[in-house]
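Here is the structure we will look at.
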Amino acid sequence: MSTPPAAANGRGGPPAATNGVDEPALLAVQGLNVALPAWADRERAVSDLSIQLLPNQIVCVVGESGSGKSVLARAIMGLLPAPHVHVTGGRVLFDGEDLLQATPGRMRAVRGARIAMIFQEPMTALNPLMTIGWQIEEMVEIHLVLGARERRARILALLEEVRLADPERILRAYPHEISGGQRQRAMIAMALILEPAILIADEPTTALDVTTQAQILALIKELQRKHQTGVLFITHDFGVVAEIADHVAVMRHGVLVEIGTAAQVLNAPQHEYTRSLIAAVPALAPRAKRVTDAAPVVLEVRGMTKTFASGAGWFSRARRSVPAVKAVELALRRGHTLGLVGESGSGKSTLARCIIRLIEPDAGSVRLAGIDLSALTRRELRPHRKHIQMVFQDPFGSLNPRMTVVQLIAQGPITHGVAVPEALARARELLQLVRLDPAAADRFPHEFSGGQRQRIGIARALALKPLLLVADEPVSALDVSVQAQVLQLLADIRDRLELTMLFITHDLRVAAQVCDEIAVMRQGEIVETGPTAAVFADPQHPYTRELLAAVPGRNWVPPRF
Amino acid sequence: MALGPKTAVYIVRRLAQAVPVVIGIVVLNFLLLQLAPGDAATVLAGEAGGAPPEYVAQLRERFGLDRPTHVQLLLYLKNVLSLDLGYSFRNSMPVSTLILGRLGPTLLLMGATLLASVLCGVLLGLLAATAVNTWRDRVISVAAVIAYATPLFWIGLMLILLFSIKLEWLPTTGMEDVVAFNEGWDRVLDIARHLVLPTVTLSLFYMALYTRMMRAAMLDQRGMDYVVTARSKGLSERLITYRHVLRNAVLPVVTMAGVQVGSLLGGSVVVESVFAWPGLGQLAFQSLFARDFNLLLGIFFLSACLVVLVNLAVDLVYLALDPRINVD
Amino acid sequence: MPQSFWRRFIRNRPAAVGLAFLVFVVVVSLGAPLFFAGDPFGIVGKPFLPPFGAYLFGTDSLGRDIAAGIAHGGRTSLMVGLVATIVAVSVGTLLGAFAGFYRGWIDDVLMRFTEFFQTIPTFLFAIVLVAIMSPSRASIVLAIAVISWPPIARLVRGQFMATREREFVQAAICLGMTDAAIIFRQILPNVLSPIIVAGSLMVATAILIEAALAFLGLGDPNAMSWGFMIGAGRSFLRDAWWLCAIPGIAILLTVLSINLVGEGVNDALNPRLRTL
Amino acid sequence: MSASTILNRSLFTALLAAALCAAPQFALAQKRGGTLVQITQPEPPTLASYLSTSGPIGQVTAKIYDGLFEYGFDTKPLPSLAESWTVAPDGKTVTFKLRSGVKFHDGKPFSSADVQFTIMEVLKKVHPRGSNTFKEVTTVETPDPQTAIFRLANPAPYMLAALSGYESPMLPKHIFGNGDIRSHEFANKPVGTGPFKFVEWRRGELVRLDRNPDYWRPGQPYLDRIVVRFIPDSATRTALLEKGDAHVAGFGAVPYNDVKRLAALPSIEVTTKGYEMISPVVEITINTKKPPFDNVKVRQAVSYAVNRKFAIDNVWFGNGRLATGAISSNFKASGLYSADVRNYSVPNAIEMANKLLDEAGFPRKADGTRFEIIHDITPYGEEWQRFGESVQQQLVQVGIKATLRYEDVPTWLKRTYTDYDYFMTSNFLYNLADPVLGVHRSFHSALIKQGTVFVNGSRWSSPQADDLMNKASLEPDAAKRGTLYAELQKITVEAAPIVWVHELLFPTILNKRYKDVIVSPIGIYGAYNRAWLDR
């Protein structure tokens, strides 16, 4: 096969298929086409894609959801979900052998031994019923003839290499018994135990907390250098790309739009799409505080405490009680946006839900505009609920799929006694406010994209003209370009309506962009609070410092165009 | 997972928690049966073809039926708590002796049914799932759908018609050939032959259910991420199926098997009546119509205990199969 | 949504066949007084006439028309199955909804209760209920409903527990909606499809239970039913096989078609499952 | 009751010597050995035949327990444990000479003390019919081990008809004398003097009886073993008999429709003998106190409407004889039966019924019905249900809309005999050995006893009928008795409190290889001591 033909969509010629180095490629994908089934929204998952991977090189394939980056990885491994998704053309040359032509038996010999793979979610990628040790051992057993003792020695050695403390215990453990970071380390150990030439990593850090992510990225890089492995690293996160990539390939709708060295692509992207993506990445530089401390306090939280009792069910394995929020104090002034940042399990969502009384706190008080909400019964609270509204994380789960968009937006006011026609009319106005087509009003949520749904969710919250808006990770489920739009919308509305906002996020870049002040949470406690700029510039608490240090690509400043 | 002290504590706790449920069953049934018109004394008099009223009154006194309901209930509960199930006046025997006599055949039939339905169901489900959309899968799936819709008693009759009456391959009914009075292995073999048709009848429905569950679970599990991992490790499809998927797919079947036990005893009333199997179901049926409530309550009590124990056993099996589940 | 549902349903061949047969059964049953006028217990000819002679399915031991019995028996079976299911599903849904939404003691009580029903041999319990109340259509419906609601309640409870955590429900709470509005207007429509599926399969089970009761002689003596016909024909199995075989096949086909329709509904309501 | 006036008579004097009866061995070359499998349906609840007269019990226990008498087909007593007996002229003393050398199965000897214990402590106290049968017995004297003298307050000739091993089993005092007789540990482990010993009872399955080698009739029994099987499923019962896996069954254990087929088999013999002391009758009891059945014309109309022939042919498949009235035609020989009554089985019966109903003031309404009733069905099994269904159809023809009600036995008994909450119900009663025992109970005003089952449930009564019955029970002369009963039959049939449908002819199915199984009027309630297998 010669050079691939020009890309069908005509947005610029196909990028060069080389990595600009003259070394012989370890892996060369040439003119790969992968067809999608008839019911899919486009014909091909991957169109006419060519890419090379050299030994001792990390190539990052970056793109938004649906760009075909994962399909590429699976096509190389021969793991496409046949028959619906299948290769229709091209070559995958590995050591000169076209893997697409290889027999199933040959592919099995290559997989694991020569090309290994790690996945986004190690919890589901590991068989829940088998011990970690057994699963790693299986990898060795099916490819090599080794004595049990040798196998074991090799596994233990590798577990130390991936820095798993107490490897004996890890070997005996089941996947659910160890932490996410440990699981991913074990996955890496399993993938690398046969010293494969290539490691394909499909979003391996996306499910991890930022600090763990940093460690895993470092580990992958270290091992890659040590074993001279070629790594095909798939990610959606430009921060991660900046952290790890030697070369970067940008994909969009199954087409490779740009490829080049990390420095080229990150700092001087050529393709328009790459530029728009990078432009959407929030800078880590904090915004200036917009408002003064003179504004009245809208929200005051005192001594908020919540402990989850567990062990109620037969099979729950959790400890007796889990303190989720420990005596938290907060105050939020009108027009301010407070960012609540922390890793998963830090209690930030629980805190928000306690404030809004979706969860009954064990102790503590919430005063909203002078009214002590915590003293009210659930029933008494109901008329006051309109003053605090919430925007949720999951654009798919937060809208009742059985209701039309106007119904969704109007149901709040209707509940609070607004006449139905008036509420519906107002709902249509709100659609314009959140920049949705008014024609969308009578459609159902499943007809919209994630970003559009988040807008609907925002409109629903705004329909009640709340004093306080609680936004719980409102953009973390969105692609980076959509994320930027929604953040922009939120900022605009906040300014226009003088909204007070409690903004929960795990992403320090987002927090930097949105929040006037931030509060850093860890294990149910706020360890540090202050104006965003101050905290970023001079973090007081070691944990805050750790968090900031872990932000991927923190040294990379996304260029502005 | 291992049978450590934690598991022992768990077992004890489970059993302790089952006590109120079982007592609740006894109390509710006791009260329910009080609503039944007529009593054991009438039945005995009726069976005798008539008896003078003094005789009936005497019977009532003897059975304690002349006392107020709450006194009868309290007495009964007191006895049950000391594991005394009372006396069946109609059968002139202690209830416990009667029940114990039927327990063996009942457990045999239940056990055989459970085993047959789970094993065959899992196997058929496996065969279907490993050949999705081929003729093998279709035949198995269609058979399962049909078996799932078949009335038990009817299929029992049809099996008798075919295998006993027409083909004369298997005995019609009963648990063993009573003319022969076989000993040793001959007897075992004989009972086994008698066991075939009732077991097939009783297990058909659940076999179909398990086949379908197993097939669905296998297909479900095949879509899981860990299967992709296994493929990426270079495992063959066969190894993936047997090493990884099978065990995961069996879990829902195990859960269902626990539920099956509860309904097995009820369903066996019909099958026992068709096949003249000397089990508890028939005994219960008879005791209801004889208003032999001590006996009926005893059977309810025992079957409740049985279900509790089997459910516990199923959970322990589950515990052994699924490390995610913990006794804490 | 309904349109695409219908399309998906009809494209599923077994479900379409099942539906067609079910419609046939319903038409024949509802039209029984038209097609087979008079009492199905009425004696029309000589006993034990074989099928496909003067009478489509022959006559039974008293000389009653079996075809008439099948048509009228279908009314009983469908009626009992349907009404028992409606009662069981209503009660089960209501209790399950409250237990799943409120949890706490309501849930505890409900769970104890369903545990109770799992521990008792349910069919035996149904027999006891019918025997105590005397066999009649009402008592049979009641008995079947009593033993059938707990699984529905468990199902609905589980669905409610899961859905209650969904963010749209939390949003509804934030909007200040009353609990009743949340339960019935927000959650219930979203968990309706598993309930519908379970309900349609329950109709099939209820028909089987009714048949088994009638077979054991606990049917309503004034209502012709398939189970009764099998029970009555049982003694003549050897000489007049059609007495048992025909109603048995009627039950089998009806239950089968209901199951197929139920599964078709399930697949059509959850199109995700079928794309695999 | 009836026996208040005493007529001085001595019908019974010393009868035949024992030797005469024990002599049938010469007839055929009986062979030893073999197992007889009897099917009994349903399974007896207990084996305490002294405590319950429930039908199936006797089918098992009569092989284990002997009685003082046996009976010939003419229903006359024959010696058994009693070698001979005398009834004093005043009828108030009955002396039994007991056979010597008889041993219980545990080896202990049988003596007059056992007779005394059985009569006075057991049958008179706890046997449902015994309290009636032995009502007049004041003491049983035991001058020596071989003599038992019954002292009676009044003569009770009917007592001598109730001394079979089935009806009045002789129990070992040394066993049943200890402990509560009502819940005795040996209730289900019977020990008697009979030809077969109890071995085991597998509940739900079988009772096994083995040959008693020390039986008092030398050489007997011939069979090694009797197995009584309990098979709930009727088709299976038939199959077992057909295959030769079971050898004898009676009392409707085999569905009536299968009888014809079995009878056609060369290996099988069907007999209706062996029920002469039982005389079962299928009938419909009408609640004469409940309108509209308080009107005799309505009852007669129903009696016309019920098609007896249809029931015999299509429900009981020919196993019946048209019933004409209160007394079974089995009593034709003894002259107590009379056919001189209103005949309801006439060709224009429906017409008659319609006419009577019109006269009674129940004209047909627009929909063709006159009134609605509920017809209860005897909960004894499928033919009863079919019978109910056919009656329902027949009533439609005369404009009576009947709804069927099928309840379980206790509910039905309570409804019929305690609550009297019914219109009409099918019913099944035995005439037993004498009308005094089996017929009077349905009509005598003294037997309208609420809560007592199988007595006068229709609650019809007339002083004239009471008088006839009182006289008949004490009348020694058979011819005069016949006249009294003829009158009774006429009155009762005319008043129609009961629709006598047919005299059920229980078919006993017998494998032809087994001989001398049914040798008495109590049929399979016999001891089987003479039964043998012809190989």
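By written order: A, B, C and D. Residues from 1 in each chain.
Here is the rule we go by: a contact is a pair of C-beta atoms (placed from the backbone, for glycine too) under 8 Å apart; a residue touches a chain by one contact, two chains touch by 3 or more.
These numbers come from a predicted model, not from an experiment.
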* Would you mind telling me which chain pair, A-C or B-D, is linked by more contacting C-beta pairs? => B-D
* Chain nearest the overall Cα centroid -> B
* To do: Using mean C-alpha positions as chain centres, tell me how far chain A is from chain D in Å, no decimals.
  => 88
* To do: Could you tell me the distance, in whole angstrom, between the mean C-alpha positions of chain A and chain C?
  => 46
* To do: Using mean C-alpha positions as chain centres, tell me how far chain B is from chain D in Å, no decimals.
  => 40
* To do: Would you mind pulling out the distance in Å between where the CA atoms of chain B average out and where those of chain C do?
  => 23
* Asked: Which chain C residues reach two or more other chains?
  -> 131, 234, 237-238
* Asked: Among the residues of chain B, which are close enough to touch at least two other chains?
  -> 36-37, 157, 160, 165, 273, 288-289
* Multi-chain contact residues (two or more partners), chain D -> 233, 235, 407-408, 411
* Asked: So which chains end up touching which?
  -> A-B, A-C, B-C, B-D, C-D
* Asked: Can you name the residues of chain A that touch chain C in the complex?
  -> 39, 84, 353, 356, 358, 381-386, 388-390, 392-394, 397-402, 411-412, 415-416, 444, 457, 460-461, 464
* Asked: How about chain B: which of its residues touch chain D in the complex?
  -> 36-40, 42-56, 62, 87, 89-93, 98, 101-102, 105, 157, 160, 164-165, 172-179, 181, 272-279, 282-283, 286, 288-292
* **Residue ranges of chain A touching chain B (in the complex, touch as defined)** => 74, 77, 79, 107-113, 116-117, 119, 121, 124-131, 138-139, 142-143, 174, 176-177, 187, 190, 311, 314-317
* Would you pull the chain B residues touching chain C in the complex into a rising list? => 18, 20-22, 24-25, 28-29, 32-33, 35-37, 145-146, 148-155, 157-158, 160-161, 165, 219, 223, 259, 262-267, 269-270, 273, 281, 284-285, 288-289, 296, 300, 303-304, 307-308, 311
* To do: In the complex, go through chain C and note every residue touching chain A.
  => 1, 166-168, 170-178, 181, 186, 189-190, 275
